[in-house]
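Shared between the two complexes below is chain A, which pairs with chain B and chain C, respectively.
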Partner chain A sequence: MDYKIEEGGAIIKVRISGVLTFDDHERFKSVVKAINESDSATAEIDLGETKMIDSAGIGMLLLANDRAKKAGKEVRLTGANGHVLKVIQLSKVDEIIPVES
Partner chain B sequence: MTGYALNQPEVGMPPVPTRSPFARLLLGALGTAENVLAETTRDVEDQTQRLSGLFTSLTENSAEQTERLGELLAQITTVDHNGQSFDLVTLPRILQESLQEVTERILVLSKQGVALIYSLDEILEEIDEVASCIGEIEAINRQTRLLSLNAQIEAGRAGAAGVGFQVVSMEMQSLSRRIDALSGRMRESVGKVTGSIREVIGSIRNEYQELSEIGAMDLSSQVDAKEQLEVLLNALVERNNEIQRELGNSTDASRRMANEIHDVVMAMQFQDRMKQRTEAVIGAFDQIVSFMGDHDDLAMDETSCEALTASILGSITLSDVRREFQRSLTGAEVSEPDQPDDMSNIELF
Partner chain C sequence: MSAQPAPASAPEPVPSDDARILVVDDLRSSRMLIGSVLKSAGFSNIDYAGDGIEALERFEAHEPDIILLDIVMPRMDGFEVSHAIRNRFDSDVPILVQSGVQEAEQRVRAFDMGATDLVSKPINAGELISRLRLHIERRRLIARLKRYQKRMDEELHTAEGMQMSLMKEAPEVDAITYPRQARMETFYRPSYKLGGDLWDVFEIDEHRFGVLMVDLSGHGVSAAINAFRLHMLAERSEADAGDPGAWLARLSDELYEILPIEHFATAFYGVFDKRDLSLTFAGAGAPTPVLRRHDGSVEHLDASGLIMGCRSGGQYGNQRIALQPGDRLCLYSDALYENFDTPDGALSVDELSALIVATMEGEVREGFTTDLIQRVFGSMPESFPDDLTILMLEVIQP
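On to the complex of A and B.
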């Protein structure tokens, strides 16, 4: 997994590329930390370039959402497609975290 | 009806006057026609009743067949298990719900696993801080011990004046040793806790790898299963609708057939009207034959013949038949209003 953070105004944008699996949990911690320490009230996680996600990856997204909420922030997912979108729909993550196409 | 033996009176009866050949011929022909008509009426009635029975049986069989078909289809689309009946169409939905439940549990475990690792990582960071503090304490203690040693040396040089100070420096050395022992125990505890936490993290990682190996983690199999179940569900719903449509068509066809057979049976009941007409003709023939047999001498008598005509017409209940006979026997056109015949006289079956 690779990630790029763009912060400006009310939104912090995190682009995640490659695969998001259990092996990425240490690196993803930096994403969670960046969102929580940001001044932005909304975090947008862009999955447009994410090729594959496993259940741990979904678990990490849910964890990021939980911690952001505790910090009074909102998270939304954007750009998910193919396998990633199917897994999001199957796991009904879209009922917990808003998903935008 | 009377049977006739031409010119052969029964025993004990008065002799019958000799008739003309034509009268005998007419009498014979009328008697035969009467018998043939009566026989034909019976035949038609018997056959009509038989046909009617067959058609009625056909209608009942058709209705039973449709009912059995409905029951069979109901059995095909359901499965019984433990006294409960499951609709086949709902089975993929049950499987989907079960799959959804399993997926949700995997996600909860995944999330909790990652959250646990993150928490343990944070604890490890704190423990590292504690270990660093212990290191600092040890460094300070080393420094203290060195100072204590220097104090002892200086106290020795001072001689008797430095005796008290030497006692204090020795107490300091003793304290330093105790601090060493304490930091050693703390380092050991920190090492054990760190080892345990790393062990827990390692086992969680191993469990994730095992889950990955059986494909529970990447959810691909669940995605495929969900799609296949959706296809299966749609196919089953479509097939069920098709069966219901076909069953509906079959029921409609059976109903139409039953109605048509009913119409046929109703149409055949008008055989009874034919029977009444035939019986009217037979009755007329019977009276003519009786008259000729009993009153051959009155054949030329106008009054007797008019009485016979009136008797024949009076015995006919069907108006159209009566009109026909009236026209042919009296030559008069009768302007009787067309009234429906009394249908209650028709014996329905």
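On to the complex of A and C.
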């Protein structure tokens, strides 16, 4: 996976592209860190360009959400489509992390 | 501030090294010289050979840790010795070849014949010792890593056996399902020795049995440990497993207590009841089960639901379907359709469903799961990128 971070005001936006899997564990830590260290109260994880996600990838989103909550922030997922959207619908992750289309 | 007096000129203690060194040189004076250089550097375990034939004899009698080899010798030269050690004896012992700086062609040939490195001739004591130490250390490091890897392989192999034993053998499954008017086929293969998939079939009472399929997030050792934990939790409460939704909810709450935040499980749990040939089931984010009715029609069951172990108090609703003899239901883990190397090559539910249904055509017979794998992957792969489980449940005639 690759990611781009856009910081501006109330929202920090993280765009994840490619596939989000077990192998991205280390790299995703910097996403978690960036969200927690930003001044924004809301983090938007944009999955519009994320092609596939595996169970470890879902785990990373859960981790980011948990860490952000503990830092008093909100996380939401946006743009999910295709395989990623199916995984989210199947696993009902939206009961834990808000999902916007 | 006074200068420290210079230490008395006692010689620095030389660390001793018992690496076995075989020195091969046809000149006695050269062997003596090299021997004394090695001894003064702390090497105490030195063997000598005066030509190639003798070198191979010494090698065979006791394999050294490193060989210092001359090229030009009577009877058998250094190239042949090197070649024989690599090929005839299949040894990866480091071979340091003594070679004059000018002899470029000879140096290349030495490597072709299996030399590890070159040392200049005539011998330069400092260079010789440095290179020897380098290659001896390297060899020791590799030996250590090999020992470590062997031990890990053995431990993983043991753990693999333990994990496989969690899953029932076909006769045990048959003994549960046949008296309850059903037949099941199962397939489980971890991606690497240990896996995070788990399935179970167990008796609930004389009419009913439960079918559980779980996929712990991730794979490898951590997923396997979580699979063991889940197996224990599940086994403890098999007795009151008649209500699938409530059962998954309780398992989920228990998993939530023990799993780290980024770990979870997907699951399908169904209870088959032979009294009315019904299947009552609940899903927790499991891949879509495919049902092929005896008349050829196809239905996709909804096994979506909050993945287990992410929070407490998750709710799982029950669904119930009526079945008839000849109906066949296929459950599978996501490794059957996901393809992370070429995301566009992943199968959609409809594509996979079509393959499953095609595999289910025809008479009752063994081998559904392997047929399906061959249809999906083209052949039976040596290994799978993720843990793969396939369960097939068929209602049979009374």
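Quick note on the criterion: the second predicted complex is superposed on the first by the 101 of 101 C-alpha atoms of A that agree within 3 Å, B and C clash if a C-alpha of one lies under 4 Å from a C-alpha of the other, contacts with A are read in each partner's own complex, and residues count from 1 in each chain.
Everything that follows uses one rule, which is that a contact is a pair of C-beta atoms (placed from the backbone, for glycine too) under 8 Å apart; a residue touches a chain by one contact, two chains touch by 3 or more.
None of the values given here were measured: they were computed from a predicted structure.
Colleague: Looking at A:Lys4, would you say it contacts chain B, chain C, both, or neither? Reply first, second, both or neither.
Modeller: Neither: A:Lys4 stays clear of chain B and chain C.
Colleague: Looking at the overlay, what does A:Ala56 touch: chain B (first), chain C (second), both, or neither?
Modeller: A:Ala56: touches chain B and chain C.
Colleague: With the two complexes superposed on chain A, say which partner A:Thr21 touches: chain B (first), chain C (second), both, or neither.
Modeller: both
Colleague: Touching A:His83 in the superposition: chain B (first), chain C (second), both, neither?
Modeller: Both partners, chain B and chain C.
Colleague: After the superposition on A, what does A:Lys29 contact: first (chain B), second (chain C), both or neither?
Modeller: First partner only, chain B.
Colleague: In the overlay, answer first, second, both or neither for which of chain B and chain C A:Lys69 touches.
Modeller: neither
Colleague: For A:Glu95, using the defined touch cut-off, is the partner it touches chain B, chain C, both, or neither? Pick first, second, both or neither.
Modeller: A:Glu95: touches chain C, not chain B.
Colleague: Counting contacts the way the document defines them, which residues of chain A are shared by the two interfaces, the one with chain B and the one with chain C?
Modeller: 21-22, 52, 54-56, 58-60, 62-63, 66, 83, 90-93
Colleague: What residues of chain A sit close enough to touch chain C in their complex?
Modeller: Result: residues 19, 21-22, 51-52, 54-56, 58-60, 62-63, 66, 83, 89-93, 95-96 of chain A touch chain C.
Colleague: Quick check on the complex: what are the chain C residues that touch chain A?
Modeller: 215-219, 261-264, 266, 285-288, 303-307, 310-311, 314, 334, 338, 340, 343, 346, 386
Colleague: Considering only the defined contacts, which chain A positions touch chain B in the complex?
Modeller: Answer in residue numbers: 21-22, 25-26, 29, 32, 52, 54-56, 58-60, 62-63, 66, 83, 86-87, 90-93.
Colleague: Which residues of chain B touch chain A once you look at their complex with the stated criterion?
Modeller: Counting only chain B, the residues touching chain A are 100, 103-104, 106-107, 109-115, 117-118, 121, 205, 208-209, 211-212, 216-220, 222-223, 226.
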